[in-house]
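After this come two complexes, each holding chain A, first together with chain B and then together with chain C.
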Partner chain A sequence: MDLVQYLPQLGQGLLVSLQLTAISVVFGYAVGLLLALGVSSQLPWLKWPTLVIVEVGRGIPSLVVLYVVYYGLPSIGLLFDNFAAAAIGLTFTVAAYSSEMLRAGIQSVHRGQNEAAMALGLPQTSTFTRIILPQGLRSSIPALMGLAIQSFQGTSLAYSISVSELMSNAYQSSSITFQYLQIYAITGLVFAAIAVPSTWTSVWVEHRLAKGFA
Partner chain B sequence: MTLLVTVSSFGIGAIVGIPLMLGLRSNYPPIRAVFRVIVDLIRGVPTIVWLFLLYFGVTFGHLRLSSLSAAIAGLGIISSAYLAEIYRGGFATLARGQIEASHALGLNRTTTFIRVLAPQALRTSLPSLTTFLLALLKDSSIASTIGVTEMVFSATTFSRQNPGTAGLTPFFIAAGVYVVVSVPLAVVARRLDSRLRRNH
Partner chain C sequence: MSQQLITESQQVTSAGVTITNLSKSYGDNRVLDNISINVKPGSVTALIGPSGSGKSTLLRCINLLETPDEGTITVGTTTVEARARVSDRALLDLRRQVGMVFQSFNLFPHMSVLRNVAFPQEKILGRSREEAEERALTLLDRVGLREKAHQHPDRCSGGQQQRIAIVRALALNPRAMLFDEPTSALDPEVGLEVLAVMRELAAGGMTMIVVTHEMQFARDVSDHLVVMADGHIIEEGRPAEIMANPVQERTRRFLSAVLER
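Entry: the complex of A and B
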């Protein structure tokens, strides 16, 4: 079967998918944290714009975000190559979703922690960075791990703006061999082979964390 | 078209999800394991791969699924797995006492399940169901990649036909429609959620 000769191509695609995942998760979570801080801010000029960004980011399908970045932004003079466009688009979506998870995590920290820190005379900044934030981050870990798995699957959308990741390499191979069923089945299994064990890991981590708190 | 794809695949998922959920809750570990693998496998494969698999991969002799039916089938399969998991979560939150009380009242297992457990489980899983519906609404945009003429497909076509003037506008309009549909749904979901919480 000549399918085997296309496996390296799928492997290369997988590497690109993983790169995109890594970029969008690292930058997405960083931006997401900033957005979360913005939304929970008490200054209205900071709060409302960030809230709009977050809701727009969560409300628009990430496919549309990719189209806007890749096909849309050039019309106002911003031109990206397709990998950069995919990275930017996916980062934006991940940032919007993660900001809500981080905000929920930060808000779940008990009020008493804040009051205790105040009573100890800690300034507000270090109360936040050394007491509230670490605990908040910890309780949002399971949700963030789930999001990372989803964004790995989401990189398959970059196919639509012709980034040569796993999905578009699969498409190319299948349109040469016409063995659509086999190639997409293999592609699906590759995605599942990474996503499913990761899901199990995140469930395990969640149990561990839950035990730690009890 | 966006709504048609969303609603019909959600409908498929809502029905097919029930037997899958029963499998996940089976008393026999082998059956449970098999269904767990099926559900995880379905959820582990990205939407776009499912759609391409069904649209390009599945043939009946010389016939192929139309892009619309492939999209509905693909999103339907995915919804079934996710909804099965959501239903399961709903049942998992019920107190064991409910089952024991029904036994004590002499209800048989089917009646217990349909009249006692299912209504309560449905109520607790309602917020997750609406969240999933919103996610599905947005995932239906992926159907444009196999040529279903839903909203994003139309936006792309329009933008290609008028390259000079249109530019970003069609996408912003499409994006606006998604936001306009999903934000009120999200608000309703949040209200419903807080009301259900109050009752418990």
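Entry: the complex of A and C
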């Protein structure tokens, strides 16, 4: 079973994929929250530009974003190595998608919560950060977990700009041995081995949240 | 016990609430038409009337959850003019003097009962965490809910949640309290627990304005009864007198409808 000798390479690729996922999720959600706040703003000069960013990010396929960052931006002097380009591109896409999830979560917080905080005399900032945001984040969690799983799968697109992630290492291995079926099947299983339990976890979390937070 | 609840909550004296020529419209719909009410310090005013009469809107104008179009609101020494621009400072000042209890409780579901009562004290009065929580526990004890302190609100019954909501407002030493149908979402039996706490508060000298359908409470506890319909005050006076001999036909119809339930 000579396939075993390629496992370390796939393992290394997996590590890169997980790094890309971690970066795009952590920074993507943070930027996503800022975008959500921007879109919810009453100020037109803030609202409309952020809305455009969000719609562009959700409208353009992730692969196109990666090409723009990696091949396009150097022509205006912004040069990134392939890993950085992948991280930036995926973060952008994740930010755009997560912003709408976060915005929906924040909007789902009952109006009475805001009224109660106002009636108590809480200042607007602590009303948002301590009352509204924690509840909004909590109701966004299921959607955000789903997006994290999708962005893990989406890291395979970084293959197209020669990042040595899981998919790209699988391609190299299979092009040496011509065991395409076996290696891609293993690659698929590796993705699934991470994604499927994560999905189960997110379903479990969703049930827990629904139960404890009616 | 009544004196205890009020002394625990009141470090400042109750304030009067005066509303003068208050009006508010939503588009063409005039929901409040030139309303004036004077609530003396330490007195209880009950607001009754059919739904859509504007009583809740009136209550919500007092702490500016709704913005009136015209008129003035005075709580203690703070006066707000409807037409003038209200500074954030004046707004917070007004709201900090007036506690409000909602029909749907509106406790913060992500915080324990203790934090629900302590957190606003820390943010608004600048109390330390220990001080705020100690005070919260004392007040929760007074309404018989100390053992619920470390639970979340969703583990409490409706009547318990409403008593916690009252305590949350009292912990900030309000000078007047607004109640917006505080027992309407509760089973009658459970509502009694809440009404008992409100009776104590009233007995202790808290200024209270209560929108309610609880006629017995209005008769026994309130000093002044205001009947509203279609954005107007149609009748006001001593509760027992109005209930026994309503002058207006509209009041008579409303009272017989409510009392027959």
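Keep in mind that, in the parts below, the second predicted complex is superposed on the first by the 214 of 214 C-alpha atoms of A that agree within 3 Å, B and C clash if a C-alpha of one lies under 4 Å from a C-alpha of the other, contacts with A are read in each partner's own complex, and residues count from 1 in each chain.
In the analysis below, contacts are C-beta pairs under 8 Å (C-beta built on N, C-alpha and C of every residue); 3 or more make two chains touch, one makes a residue touch a chain.
Since this is a predicted model, take the numbers as computed values, not measurements.
Participant: Just from the overlay, do chain B and chain C fit on chain A, or is there a clash?
Facilitator: They fit side by side.
Participant: Is A:174 contacted by the first partner chain B, the second partner chain C, both or neither?
Facilitator: Only chain B; A:174 stays clear of chain C.
Participant: Let me test your reading of the model: by the given contact rule, A:56 touches which partner, first (chain B), second (chain C), both or neither?
Facilitator: In the superposition, A:56 touches chain B alone.
Participant: May I ask you to decide whether A:138 touches chain B, chain C, both, or neither, giving the answer as first, second, both or neither?
Facilitator: After superposing on A, A:138 lies in contact with chain C but is clear of chain B.
Participant: Figure out whether A:185 sits in contact with chain B (first) or chain C (second), or with both, or with neither.
Facilitator: The answer is first: A:185 touches chain B but not chain C.
Participant: Pick one for A:153: touches chain B only (first), chain C only (second), both, or neither.
Facilitator: In the superposition, A:153 touches chain B alone.
Participant: To make sure I follow: the centres are taken over C-alpha atoms, the vertex is chain A, the ends are chain B and chain C. What is that angle to the nearest 10 degrees?
Facilitator: 100
Participant: One more residue to check, A:70. First (chain B), second (chain C), both or neither?
Facilitator: neither
Participant: If you tally the residues of chain A touched by each partner, is the higher count for chain B or for chain C?
Facilitator: Of chain B and chain C, more residues of chain A lie in contact with B.
Participant: Taking the superposed arrangement, what is the smallest distance in Å from a C-alpha atom of chain B to one of chain C?
Facilitator: Taking the overlay as described at the top, chain B lies 24 Å from chain C at its nearest C-alpha.
Participant: Overlap of the chain B and chain C footprints on chain A, residue-wise?
Facilitator: Overlap of chain B and chain C footprints on chain A: empty.
Participant: Note which residues of chain C are touching chain A in the complex, please.
Facilitator: My answer: residues 63, 65, 92, 95-96, 98-100, 102, 104, 106-110, 119-120, 123-124, 152, 154, 165, 168-169, 172.
Participant: Considering only the defined contacts, which chain A positions touch chain B in the complex?
Facilitator: 55-56, 59-64, 67-68, 71-73, 75-76, 153-154, 156-157, 159-160, 167, 170-171, 174, 180-182, 184-185, 187-189, 191-196, 199
Participant: Which stretch or stretches of chain A touch chain C in the complex?
Facilitator: 110, 112-113, 115-116, 118-123, 126, 130-131, 134-135, 138, 212-214
Participant: Going by the contact rule set out above, which residues of chain B touch chain A in the complex?
Facilitator: So the residues of chain B in touch with chain A come to 40-41, 43-50, 52-53, 56-59, 138-139, 141-142, 144-145, 152, 155-156, 159, 167-168, 171-172, 174-175, 178-179, 182-183.
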